[in-house]
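My questions all concern the structure below.
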Amino acid sequence: MTELQAVGKSVARLEGRAKVTAATQYGVDLKFPGMLYARILRSPYAHARVGRIDTSAASAMPGVRAIVTIDDSPDVSYNAVYSGLSDKFVKHLVQDQHVFDEVVRYVGEPVAAVAADDPLIAERALELIEVDYDPMPDVLSAEAALAPGAPLVHAGSPGNVVGRPIVFQMGDLDQGFAEADLVLEERYTTPRHQGIPMEPHVCVASWDPQGKVTIWTSTQIPFRVRFVLARILGIPEGRIRIIMPEVGGGFGAKQEVSIEPICALLAKKAGRPVKLELNRSEEFACTTTRHGAIMDLRMGAKKDGTLTAMDGQLILDTGAYVAHGLGVATLASISFTGIYRCPNLRYQARVVYTNLPISGALRGFGQFQVLFPIESHMDMLAEKLGMDPLDIRLKNHIQVGEPDPRTRFIIESCGLDECIEEGARRIGWKEKRNDHGEGTVRRGVGMSCIMDVSGAKPFLPEQSAAMIKCNEDGSVALLTGVADTGQGIRTTLAQIVAEELGIDTEQVHVTAGDTEITPFDLGNYASRTTYVAGMAVRKAAQEVKNKLSEIASEMMEARLEDLVWEKGGIYPKGAPQKAVPVTQVARYAQHTKAVSVMGSATHTPPHNAPGFQAHFVDIEVDTETGRVKVLRVVAANDVGKAINPQDCEGQIEGGVIQGIGFAMGEELRFDESGHPINARFSEYEVPGPDGLPEIETVLVEPIEPSGAYGAKGIGDIVVTSMAPAIANAIYNATGARIRHLPLTPERVLEALDENRRAGAGDLS
Amino acid sequence: MRRKRVPISLVVNGEEVFVDIEPRQTLLELLRDELDLTGARRGCEENFCGACTVMLDGVAVHSCSVLALQAQGRKVTTIEGLATNGQLHPLQEAFVEHGALQCGYCSPGIILSALALLSEEPRPTEEKIRDSLVGNTCRCTGYVKIVQAIQSAAVKMEGGAL
Amino acid sequence: MIEELEYLEPASAEEAAALLAEYGDESKIIAGGQTLIPMLWQRLVTPRYLISIKGIEGLGTIEKDRQGSLLIGACATHQSLEKSPAVREGWPLLAETLQKVAAPQIRNLGTLAGDLCHSDYGADPPASLLVLEARCRIVGPDGDRWLPVDNFFLELYGTALAPDEVLAQIEVPAVPDGAATAYVKYCLRAMDPAIVGVAVMLSMKDGRCQDARIALNGASPVPYRARLAEEALKGWPLNEAHVDEASRLAQEQAEPMSDSHASAEYRSRMISVFVKRALRAAEERARI
Amino acid sequence: MLIQHKLAIQAPLEKVWSFFMDFKNLGSCIPGLNELKEIDDRNYEGAFRIKVGPISANFQGRVTIVEMDQETYRAAMSASAKDARAASTLQARMSMNMQETAPGQTEVAIDTDLNVLGKLGQFGYWIFKKKASDVLDEFTACVRAKIE
């Protein structure tokens, strides 16, 4: 292949100028003639039967145009994330949600909604709606939900467990533990995190006289929203158009149907466009969170560090409805089995209902809850075996040519060794490992390794499609279903098209995320878009290229197979002076030949190529306050081919800082009646710009045969390393091992106290 | 039904504006809802996240926590006022070039905080830059490229631009 | 979503007090609005009348009087104080403290008087004003009265201001010659309130402590002077034993609250840690 | 939110019990409570004012005694009150347990499950918890003063 001219370059965002001048239109900016503003009335109870709802006073208020309650709610149960699951999994599908239900199952569950001339009127109208609640006993933690005789969140789910436990087994567990020289068992817990995209959930719904509804919504999954809405509204997909405006972040928080159904019902009833925009406390308290989890992990190893057995029991708190619950439990099984070779293992996950907000997708999907335990465990095993934490990982991690035990796909690229070695060198692993400083402030280093999927195969019918239209000026229009929520996928895909056609990236005009105009795509999640859509786009571009070649060969009377494409021109082999610019060929095609050159393709990847990472931290622990300061991070990632290195770095840097938040401060907490108690920026510790570490990113680029130009996914994996790496570093610095997140100063100080009591360490 | 409005005038991006507003409206609502200047964004409603940052008489403020009436007769600069006849401000350019934005929702606020800083301190240290941004939350970028962009813009601006 | 309200602009503090007297619970004073407006958004307070004192002549001034005291008008912003050469030179503790208040956007509009009136236990300025032994000029319907800051904070979010009184001015006496000061704030993000904030003023002579003033915010529902701790230091060298004793006494005086940032137990423990650190920081400066 | 509170009173169990079971006594010791009206021997109506700094609310509501067991010295009541202006509702379930800890000494354990719904609920869990315990301290002091 000739040297790449667009792929592998740090091309600036195509939408960059529009974003820094605020020319972009986000969902919150949408305005239409006659548009109404909606607000949602939410349950103050964690669990209650909803009785009479009196809306008369509210309806009588001037400026109130429509109110919807259970009386307007279609009697359809649904799962907010369901879309084209492969038949194998449809039978597990649990459809437990309604737009409005007779029972509310968490504080903040919608009970009614108002559309009015302006937001203040809508807000006041909410206060005039009288609702009779009959409170029911609630369960506010997974432990409580699993206790014998616990109240049921859903009558149909005895023991509050969703469906059957997800189980994956391999080899002979007992034998595996028998062979082990060392067996280690611990319990870990990870909290509920909020994704907190800076733009709140917002949508506008508008019906036309033909009974077709258009919904502009801040989502990661336009086609899935259409699919679920079709079911809820009882109209075919074709009568629903989902359009993504510019979206101000998602991180998984916008990866399910949320406010769209209510907005659509209001718009229909009012006969006018309706805008529904959540405020920040609703964002914190009423949108989906990461599944809080408890994991009991037992691992066995031989003296030389070889793993012989792994037994993991995972409990996921899915909140009031299952939504992504089974998906997280399923993907977690790959995280559990994938990264380290272990012949005998058992993974069991129970997804448990509680009367807390719905748990959903969040960056680090299916990794966070099992890899914090595993990566903490690996360090503990290494220590007890007298090994370096790096060596036990190097010894056990999966290699090219081996099958992933869970997906059965053969690993075709793995840069983990290089990630570990390069990361260790740059952090100064050998020197820093044993130098903890003096006095009250101790230093330490730690690391962790993560492996993560690119896409949802084999669990979802992975697919993405692309269409490319050639303009007569030689530029092209790329139509893709992908959802760009800020990660920059539009630019990445444009680079691939530009590379194929030898044109500038700026000459690729991208339209994305409009179910009416763009071809199908599953959405933005599972680190899938570059890996899956990237290839679809490349195939479509190749079709365009072939058609242009045919026309060029006719133009310049040269044999098709002799044509050379180079730097935006086409020429017969050996005659570069005869080169004709691609733009001229395109013009000739349209105006002389009267042929519209178009290409389209659907791609479904042959398998699921995991990305790998090794992240290292250098920290300092104030042993008087328990405060941990992360001084430096070296983040080495195997991303396959980096289509846009700068965007890859951006994903890593952003992910690392989110990871530090998830590890050290973030936890959505609830009081004894299920009310969130820190549902605001000022009380939920999202990292600010101050006190953050220096981050050094390392891109390791083994070519992945199944990805466009060798690319793999990177979006999810990057948030998962910090928690175990920092916990391991705290242990290295102080000898205190912490198995519960977040690693708050208070918790660290408790751990240090325990150590002092146990006489371990010599901390002043 | 129409609620009571009162007339105010202020200078927005160099232009004097006369508009009737409700006393309860904040500067953020004045800009977004009355003047269609949507670069200032609602993020938290509690004077924390800085997505609504604009400049008021040359200093950065959270427009969600200023009543429109408090801006009476004062000078407001929003992101829409930075580019001059199609020419991006060096800060805007740097944010694009360095990949200092991802979803872009917080970018206008951060750029205006940075502008306020640079107009006071042309060559700030990294620490000073980070301190000046504590009133701006970004969930995407991890701030690294934001700091780089501001540093490189500082150099450009001293080189004479604007 | 802010409720409907009327925005009133009295010409004097006396007029403002009169309006408060007239509208009572229905009204609130607004200066910078940096604490109040977020509460309006959340509709926690829904006053029908906002009485803006921002436009009142003279309330924005920062000046030194003949006795060398600093006179701070009720509308003087954190930023204007922090940047004032007079403050930086004569009251470095104040400048140091105000730089630690939230974010530039908030300091640019927020006022020192506003901090006092809201009396949030995590706010930074109270400890330093206690140490500086500032006084408040309070204007009411029956004229002025002066109140030491020490008597201003009564309870959680509660001050000595009567419903019809306005805090018009803060007077900060000159810092004694040779006294060294420090404000140490412990919080996890710059934007957060102080889990513990300790202000210290130290006068050392021949290695012994002549005078010590210690005050804390964040530590207790109400900011306080740690007088027993101060006494325990006077006349002694600042060796470990005395510093430990002082920090213990400061800790005992607190009734720490639990909140999202720290539990009462943790907070209590941090009091002694940060009283020590603040004393050491001031001692360092005393040496120079 | 759950607020647990214990008061030790220097008085015999019987005396404390009868004091508590006379609602007028009890009411007179609840700070902020006024115009308490007896509807019947199990239901009372009243107005209750709370103020935390700039935030104040006037609650109108009803208290119902759901249990009163002289044998076990247990009592339980539920209260519900509304503030129209602040669009908020207070709901509380209170249980009282008395026991003699030493001759002439009584311990009263009061568990309150307080739910603040509506706008005021947003004000903050911790502040309400603090305010509630302050109210209970005042209450305790008052009761002591009246019985001991």
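Here are some notes:
Each chain carries a letter (A, B, C and D) given by its place in the written order, and its residues are counted from 1.
Operating definition for what follows: a residue touches a chain if its C-beta (ideal position, glycine included) is under 8 Å from a C-beta of that chain, and two chains touch if they have at least 3 such contacts.
All of these numbers come straight from a predicted model, not from anything done at the bench.
Top-ranked chain pair, ordered by C-beta pairs in contact, is A-B. Centre-to-centre, using mean CA coordinates, chain A is 48 Å away from chain D.
Taking each chain's centre as the average of its CA atoms, chain A and chain B sit 30 Å apart.
Separating the centre of chain C from that of chain D, both taken as means of CA atoms, is a distance of 35 Å.
Contacts with at least two other chains are made by residues 3-4, 42, 189-191, 259-260 of chain C. Among all residues of chain D, those that touch two or more other chains are 87, 122, 124, 126.
Along chain B, residues 3, 24, 45-46, 48, 131, 134, 136 each make contact with two or more other chains.
Chain pairs that touch, as defined above: A-B, A-C, A-D, B-C, C-D. Residues 1, 3, 24, 32, 37-39, 41-46, 48-49, 51, 78-80, 82-83, 88, 92-93, 95-99, 101-108, 111, 130-131, 133-134, 136-147 of chain B are the ones that touch chain A when the two sit in their complex. Listing the residues of chain C that touch chain D in their complex gives 25, 28, 36, 39, 42-46, 118-119, 155-158, 221, 257-260. The residues of chain C lying in touch with chain B in their complex are 2-7, 30, 33-35, 37-38, 40-42, 50, 52, 54, 79, 102-106, 108-109, 189-191.
The touching residues of chain D, when paired with chain C in their complex, are 52-56, 85-87, 119-120, 122-124, 126-127, 129-131, 134. Those residues of chain C lying in contact with chain A across their complex are 1, 3-4, 42, 186, 188-192, 259-263, 266, 269-270, 273.
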